[in-house]
Every structure is written in C-alpha cells, then in structure tokens.
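Attaching a single structure in structure tokens format; questions to follow.
As written, the chains take the letters A, B, C and D, and residue 1 is the first residue of each chain.
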Amino acid sequence: MSIRRVAFIGTGIMGQPMARNLLKAGFEVAAYNRTAEKARVLATAGAKLAGSVAECVRDAEAVISMVPDSPDVEAVYLAPGGVGDSAPAGALAIDMSTVAPAVARRVAEALAGRRLAFLDAPVSGGQWGAINATLSIMVGGQPAAFERAQPLFRALGKVIVHCGPNGAGQTTKLCNQILVAGHLLAAGEALVFARKAGLDASKMLEAVSGGAAGSWVVSNLAPRMRDRDFAPGFMIDLQQKDLRLVLETARQTLAALPGTALVNQLMAGSQAWGEGRLGTQALIKVLERLNALPEGAA
Amino acid sequence: MSIRRVAFIGTGIMGQPMARNLLKAGFEVAAYNRTAEKARVLATAGAKLAGSVAECVRDAEAVISMVPDSPDVEAVYLAPGGVGDSAPAGALAIDMSTVAPAVARRVAEALAGRRLAFLDAPVSGGQWGAINATLSIMVGGQPAAFERAQPLFRALGKVIVHCGPNGAGQTTKLCNQILVAGHLLAAGEALVFARKAGLDASKMLEAVSGGAAGSWVVSNLAPRMRDRDFAPGFMIDLQQKDLRLVLETARQTLAALPGTALVNQLMAGSQAWGEGRLGTQALIKVLERLNALPEGAA
Amino acid sequence: MSIRRVAFIGTGIMGQPMARNLLKAGFEVAAYNRTAEKARVLATAGAKLAGSVAECVRDAEAVISMVPDSPDVEAVYLAPGGVGDSAPAGALAIDMSTVAPAVARRVAEALAGRRLAFLDAPVSGGQWGAINATLSIMVGGQPAAFERAQPLFRALGKVIVHCGPNGAGQTTKLCNQILVAGHLLAAGEALVFARKAGLDASKMLEAVSGGAAGSWVVSNLAPRMRDRDFAPGFMIDLQQKDLRLVLETARQTLAALPGTALVNQLMAGSQAWGEGRLGTQALIKVLERLNALPEGAA
Amino acid sequence: MSIRRVAFIGTGIMGQPMARNLLKAGFEVAAYNRTAEKARVLATAGAKLAGSVAECVRDAEAVISMVPDSPDVEAVYLAPGGVGDSAPAGALAIDMSTVAPAVARRVAEALAGRRLAFLDAPVSGGQWGAINATLSIMVGGQPAAFERAQPLFRALGKVIVHCGPNGAGQTTKLCNQILVAGHLLAAGEALVFARKAGLDASKMLEAVSGGAAGSWVVSNLAPRMRDRDFAPGFMIDLQQKDLRLVLETARQTLAALPGTALVNQLMAGSQAWGEGRLGTQALIKVLERLNALPEGAA
C-alpha cells in the first residue's frame, strides 16, 4: 500500500523544488512554511497550502521536513500541535534537514512512542540537485521505513543510501561536510600558491583535475574561485552551521579533527568580513587576505 | 625531424616502466641508473645500458631524467660529465622528476647556454600510471620544445598540459600535491568521525563519494584507509619530500598555507612512527593514534 | 553598611576552600551544595548548612556561587526557588563560576528585575589559589556592586580587576584560557623538539624560562611535563569546557581563533585517551603519541 | 691564563653593543664586519678595526661571531682565509649567531681538527639585552671551553647555561623560539577575542598577566599589540628565519610541531604584507585582517 498523500514542511530554497518534484511524480502534496509566502507559489503547481503543521499533516501518509536547524526540527516534530501530535498513526516521517545526529535520534524515539516511523535523510547536492532531482540522500532509520520511503526518495534524488539506524543519515551528511571543507581549503591553497608563483590558474586546474588531485570541488568550485564568482551554490553560513554540528558531535564522541577545526576558523573569517552569504568558494577570499593578494588581479 | 634516440636516466620504480613504454612505442632507448642493477632488466626489453650519464646521452636526440630530488637533477644535468657537458647540441632535455621550480629554472638557463632545450615535466599518477602510460604530465618550457616532446609524452601519459615557461611544470605538480595532501586529511578525518559515531564506513563512502564531497582520494584511498591496506601507491616519504618543496617555494614566494603545513606536520608523525614507506593513506594511522582508535577495529 | 551574611552555593574543589577563607575573614557563611556531603565538612569550620538554595540565601546580604557550567548557573539563579526567587531584595549576587559571557548577562538582567545586583567574577589560580586566597578575580558588573564586593574579594584573592559591565569578567576569564591553552601547546612542542634533538630538558628550561620565552606555564607546568607528573592543578576536562565557551563565544562574535581551535582539538585527543581528569600539562602526552616518543624515557 | 684579546666578527644591531660591552669589561677587541662602516663606530670606543676575518683573528685568544644565518657562519669559520685557517691554534671560537644545530656541530668538528675549541652560544634578549648586557646565553660545547668562556659571557649576559655538547646551545635557542612563537599567537588571539567581545584590552591584560596566563610576551608585547606599537624589538623576518631552522631541524629529527607550523604560516602572511621588518608583535595584524578588525580602532 504505497504512499500518495505527502505533507511537506519547509518550502525554502531547497524544499520548494523538492515539493515540486514530488508533485511532478504524482504525489498529492500539502505544503506548509512558517513564512507563508514561500509556500504560496507551490499552489499553482498543484499543492494544497496549509496554515499550520497540524493542518498540513492531518491526512498525510508521509511527512517530509526541510528546515534550517536542530531547534526547528524539534519544534516541527515535538512541539504541541507538531507532527507528533497531529500526524495519523502509522504515517512515515522523514526529516531531510541537516541537524545534529543526536536530535535525529531523539525525534525518532519520541515519534516511535506515537506509532510514527521516522527517517533522518539529509541531502547533498545543493539547490541544483533539488531542482534537478539529483540529490544524494543519506538515510538513517529502520530498514522497513527506508523501503517504504523509496518512491519518495526516487522522486527527489539519485544516490540513495541506507546508512544505518536513526542518526546515521545525519552523521553521514556531517562526514560529507568534513570532506567538502577540507577540499575547499586545499583548492584555495593550491590557487594561492599558483598565483604567488605566477602560474596560469586555468592551466594548473586543467593539468591536475583529472588525476589523484581531482575532486568535485576542484572541478566545480576552484574555477569559480579563480573567476571570483562567489554566487552561492551553498552558502558559507550554512557550511559553518554544518561544521558546528560536526564539531559538537565530535566533542560528544571524543573525536579530534584538527583540519576541520582549521577550516571552521578560517570560514569564521569569511563571516567576520560579512561574506557569510557568499558561496563556500569564497573561502579563497580569506586566503587572499592572509596572503596579501589583491582582489581581481588573479 | 622527429626524435628516435632517447637517453633515459634514472630507472627506478617510475623510470623503469616509463623507459619500457618508450621502447614499446618504438624509440631507441639508452638507459643509465646510478645503481646499475636497476637498469639491467631493461636490457632484455631492448634498451642499451650505459655506464655513465655521459655515455648514455652521447648520441641522444632527447634525454629524459627521472631521479629522486633536486640535488640529483642538478648533478645529472650540471655536474662535470653531466648532460650539459655531454649531450649533443640541439638535443631536447626533459626532467620528469619532482623538484623545486627554482632548480628547473636554473637547469633550463644553464642548458640554454649550451644549446640544449629543457622542459620540466613532472608527472602524477604513480607507479600504476607509469606502467599503464596513463600519467598526467605537467610541462614547463618553451612551446617549441613542448611540441617536439609530444611523441615522447604520448608514449608515457594521457593528460599532457603545457603549463607555462620553465618551472611552471614543477609549480603545477606542487599544486597537485597541495591538493592531494588536503584531500588525504579530509578523508582521514571523515573516517575517524564516522568510526567514533559508530557509522559503517563503507555505507558512508558510498553515500558521499558521488557528490560534492567526492574526490579521487575519497574513491581510491579512503577505502584503503578503511581496509587498513597501506601498500604504497605513493609513499609518505615522497609526499613529504614534495610538501617540503611546496613549503620552501611558499617561503620564497611569501605564500602562507596553513592547511598544507598542518598535513606536513601530521605526516611527520607518520615518519616518526617509522611509517614513511607506507602509502600516503597511512595518514589515517596518525589520526587514529590521536583519537585513541585501536588498529584493526575499523 | 558592609556585608556580613554570605550564602555560598557550590562547595566543590574550589568552593570549599573559598568558603573557608570567608569564614576565616569573619563572614557568616551559609553553605549549600547539590551533593550535600561536600558541604558537610564546612560545618565544623563554622558554616551553617542549608538544604536548598532557597534556604541558603533567605537571609543573605551576599550570595556567592561556584558551580560547574552555564546550565548550573542558570538553575541556581533563575529556576523556581532559585536565588532570584529567594534572596532578599538588595542582596548582592556574585557568580564566580566560569560560564558563557552571554549567560552572565542574561542572569544579570533577570536579577536586576528583582532588585538584586549581580557580578560575574570568575577566577584563575586553581585549587591552590583557592586554598591560599591568592586567586585572580576578573569582575564584570556595575561599579557600585564591584565596590560592595571588595571585602569578599579580598578574602578570596589577590589580583582583583573590574573588567567592565556584566559579562566582562567571564570574557576576561576566557582570554585567560586562550592564553593558557597557547602556552601549553608551545611548552609541549618545545619539550618534544628538545627530546627529539637529544637535549637535556632541564637545562633547556633553565636557559629559556627567564627571558622572552618565559611564562607561568613554562615555569610551573613544563617541569611537570618533563617529570611526567600529571596530577591535576587544573583538569583537561575543565580546560576543554572553558575552550568550548571560548569557541562558542567566538562563533557568536565572529572571531576566528585558529591556534585556540588547534589546542582544543589536540586536547580532545587527551579526552579520547581517557586522560581528561589529568592536569592540563598532560597535553604533552598527545604530542608524544604524535611524535612516537615512548613514555617514561624523557 | 685568562683571555684578553678578542676578535669580534659581525658588528650589526646585536654585535656592535656586544663588542662595546667587551671593551667596557676591559677586553682588547679587534672588530670585523663585511660592511666595514658598521664596524667603524667601534673604533672610537677603542676597538681595532680589521679589513678581513684573517686579519681580525690573527692574534686572538678568543673569536666571537654574530652573523645572520648558517651560510654566514660556515663562511666565517670554514672558508679559505676564515677563522679555521687564520686563528692561532688553541684559540677559543664562540659563535653567538642563531643557526642550524647541524651547522654548529659541523663547524665544531672542522675546527677541532685545527686545534680550535668551539662553542655555539646563541642568545636571547634582543637588542636591549645586547646593550644592557642582560642576554640569556645558551651554550653548547665542551665543559672546559665553557669554563674558559665565562669571563666573556659574563660581560655580555646574565643567564648563562651550559646546555650540552656542540649544537645544544642552538637547539635550546630554537626551543626558545618555539615558545616565543606560541606565546605570540596566544596573545594575539586573546586580544582579538577581547576586542570582538567589546572588552577593554588593558583591563584584560591587567587581570590575566599575573597568573597562570602570564608570560613575558603577555607583559611586554601584548601591550604593544594593543597600542599598535610595531617598532621591532625582534623582527618578524628574523623570527621566521629561526622558525625555518626549527622546522628544518624538526624534519631531520622527525618531530611534528603543528602549533609552530601554524605560527610560521601566519607570520608568512606578515611577510606577504610587507611587514617582515616590524616587530614580532605585528603578528596581531595578521589576526586582525583575518578577523575584519579595522586598524586603529582598538
């Protein structure tokens, strides 16, 4: 008995195109967003708009949430009138936000007591991945719930991996962000070094990106660093939120991550300069200031 | 008038399969190695063995060198009886070792005075790239010399980029090593974090490697980190030699590279533990010791 | 009209000797501790024991608290039955715990509404400073409240500085911890370097500690590092709590502190090895493991 | 049979006042400097000027050198016509420059073959220490030579420590520089943190400098950081030269020093900004740029 009616909570930059993809795939979608205007545009695409979380989830067979941070997730699921109170028993709840693994486990446990299955299923791939339904989805939770969610996931993403029990999706997403952070710093340092040495950055990137030095960041963000294109694929403020989750979780699990902590501090420099809403590739600006490299003379 | 007779100096782990690929491609190869036994096996493949650099290069139309470090390159080219003294005027000299960009420029200048064109053309791709002729070759020098060298490069590698004047090949290689270093640290920290959080490392790598967190290192070395397979594709001692060149060149060009310096220090920890001859993926062992993660319980 | 009756909340390792010093100085002390046994010993020294915060502060002219962390301070002052509810209007409240500056400001504001003056007055100097009344006391709050508190502070410490408005005492304490952290890492690296080079550590410390390289840590903790005396003057777990406050406050104020973050991560290594209850000088053990230096062969 | 005739080689910012102090103490001083003008002013103080190293040392009972870097020391002692060739057998040679420990050992060995005793005896205390004869002197070499040198050392400094065999003086000096580097970073981060939090820097320094956070750097250089007084007591370029020696020696002894490497990279940022000739306290400028703190608004 497959899922047809989906409640979608949080229709921002990511949530909106995701909801749209569910509609395209034939799901009935009820949408709710704290700032109501952001949901409105989905009405023309066929979504039913709801005035509250409670109203949104009342008839849902599945609930998907995509909200900014841990407290938002706790509010959506656990506050009075939230999903826990209002969704019909037996519904499947899926949080696709990036939040602390401990929050995912806490919500899962609370919902289990109300006969709601819960998956943590954060994504990577950014706004483009959301629009083009090419997200990577990292899922934590019960295998049965993971199976039930497949049709939804297939409407939203491409790489869909069941990583383990609740929390494992979030932890995997944090691993993803550790990697991205390290790759960004490496790319920035390579470009600074190249520029100091008088090298043509494009030739350098051409020569190295196909081999052992290659990465998604080198292929996709290093050219933007070079071209000083700082339009956000993913904003520094959000990367910093995720690195905060990484470092908090690391503290709780007694993990020492000197490289990640270094990137986190350098990106704090971006934020200090008011560059938090630029794309993560703007980390190069921190390195340029450190290195007395004038802007625009790349 | 294309090149046929090649002198190959330095037939170690990399040089030997490279010389072999030149033979396969139809070049006449004279080979010389300081430790003569290492050249001997090439005789059966059709190479002529030489007892000295001078003898090796006497009739060469092109000279290729593949030796460990800057002083070796200076000796091969500039010492009495070296390539500068002994190669016929008009020959093309190509150093494919990884050495300081300043050394490449110095040798180029010295050889120019003796009517020998010089290219710095370090490679990436390791022993397997050398064997399978899939190296990336990063070339610095005059365009005309680069053109003349094409047939040789095509016998040895796949991605062949002219990066700029002499030294630019070496500088590009050092950028490559900055990137690899950063990717290794990121991969190591992601795996440590995953293990501390009780995550299945394979699931994690599966979920992240196809997206924004993907890299050659994540796909190729992180699984070896996970499996504790430390057989060297590229040895830590060599990576450290290259990072030393990076940091010396950074010092000369006033470049500040905090991330690269951090990896360099952590890898010094590998060397302190006697792990310098393991592959670079053994950086994970440094992080495991830092994190009190017992070996073998991945 | 000077203060005579003092309520002392939190009589642990630090609070107990501090309360004792107040008794010695002639103050009447009512004491409360969550775990009642820890307060009991003070009864023989003349303190009145209280069964609750409310009972402890009922007649107090001044309240002093010395508790582990931010949530404890919020509970002591702001919970129902806490200082805010129970202390007589006009009393002076002094929190000498180390907590987030934001918490100090929040408590100050809440108490102001109940006609209670509040000072944040964290200390440095450790258990010995508490016993010998030689603490440094860093005070934030209104000047008038600071003046009223002088007799109390003089019974407890030696260097007493009014740092600014509420929160400034805590922020100053965090600066103190940034400095201690950096000094610890420097001392540890100097000792590791000396040992690797075969130097006599004692001679080295003798030669450097009187000049530009001198510090309290070099004079007091480096010899313990050398002698492998890890008895806690101040525990790594507590230093890490304080560095967490530093880095959280840094995040809120957009401050980038790469050195502090590095020490924080290395000390996480101490905790991972189960060394959190050793003194901060045990940071040397992290560096020794990194450097393959066997224990006990200093 | 005590020393009377001293040859002093290298009469720059440090060497000149040191030679002057020897004259004051009653020694006969012959002085030589590569740039002759820098020695001339010593003539009026009673020194005999020499036109070459050979002339300078010809009649010396002791030779003292104070030159910039390792190659200079090797030239002074080992080049044809150098101290090794020209000083009378039995003379005592003392190098007070800061150079690589390996160089000190090499020179000592070479001179031993020519019946010249050699001490490496680098100093700390800067220009003021040189002028006021309050240097710390860290000595490596034979005990007998150390004893013979006592009268000279007492004319130049205050803390005089025999650290071990040749090289031990230099290694100790490098430990000194590791400590100074770490203390500078800690002081800079504390000031940045204070400023971000709106704290009065003077109050903060007053409160912390007498306790566990105290150091020579906190007392002497942090106030200059606060006041933006960047006049050099010791220049960043020289500190970086010394950190280069630290990190090269660390490489040779397989020591991993992540904190020192971080300071080294941040100070490279000073040099990139053309601040290498400012005092080491100018490290604060690097941290201010990282943190978007405008100059002059401390």
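In the analysis below, contacts are C-beta pairs under 8 Å (C-beta built on N, C-alpha and C of every residue); 3 or more make two chains touch, one makes a residue touch a chain.
In this text, all values refer to a predicted model and were calculated from it rather than measured experimentally.
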| item | value |
| --- | --- |
| Relative to chain A, chain with the most remote C-alpha centre | D |
| Same or different residue numbers at the chain A/chain D copy interface, by half rule | same |
| Averaged-CA centre spacing for the pair chain D and chain C, given as whole angstrom | 37 |
| Separation of mean Cα positions, chain D and chain A [Å, integer] | 52 |
| Inter-chain centre distance, chain B versus chain D - centres from mean C-alpha coordinates, in Å | 39 |
| Shared-contact residues (touching 2 or more other chains) in chain B | 250, 254-258, 262, 266, 269, 272, 290-292 |
| Arrangement of touching chains [line / ring / star / complete / other] | complete |
| Touching residues (chain side chain C, partner chain B) in the complex | 258, 266, 269, 272-274, 286, 289-293 |
| Touching residues (chain side chain D, partner chain C) in the complex | 101, 124-126, 129, 136, 138, 158-159, 161-164, 167-168, 171-172, 174-183, 185-187, 189-190, 192-194, 196-200, 203-204, 206-208, 210-218, 220, 234, 246, 249-250, 253-260, 262-263, 266, 287, 290-292 |
| Chain A partner contacts - residues on chain C that touch it in the complex | 244, 247, 250-251, 254-258, 261-262, 264-266, 268-269, 271-272 |
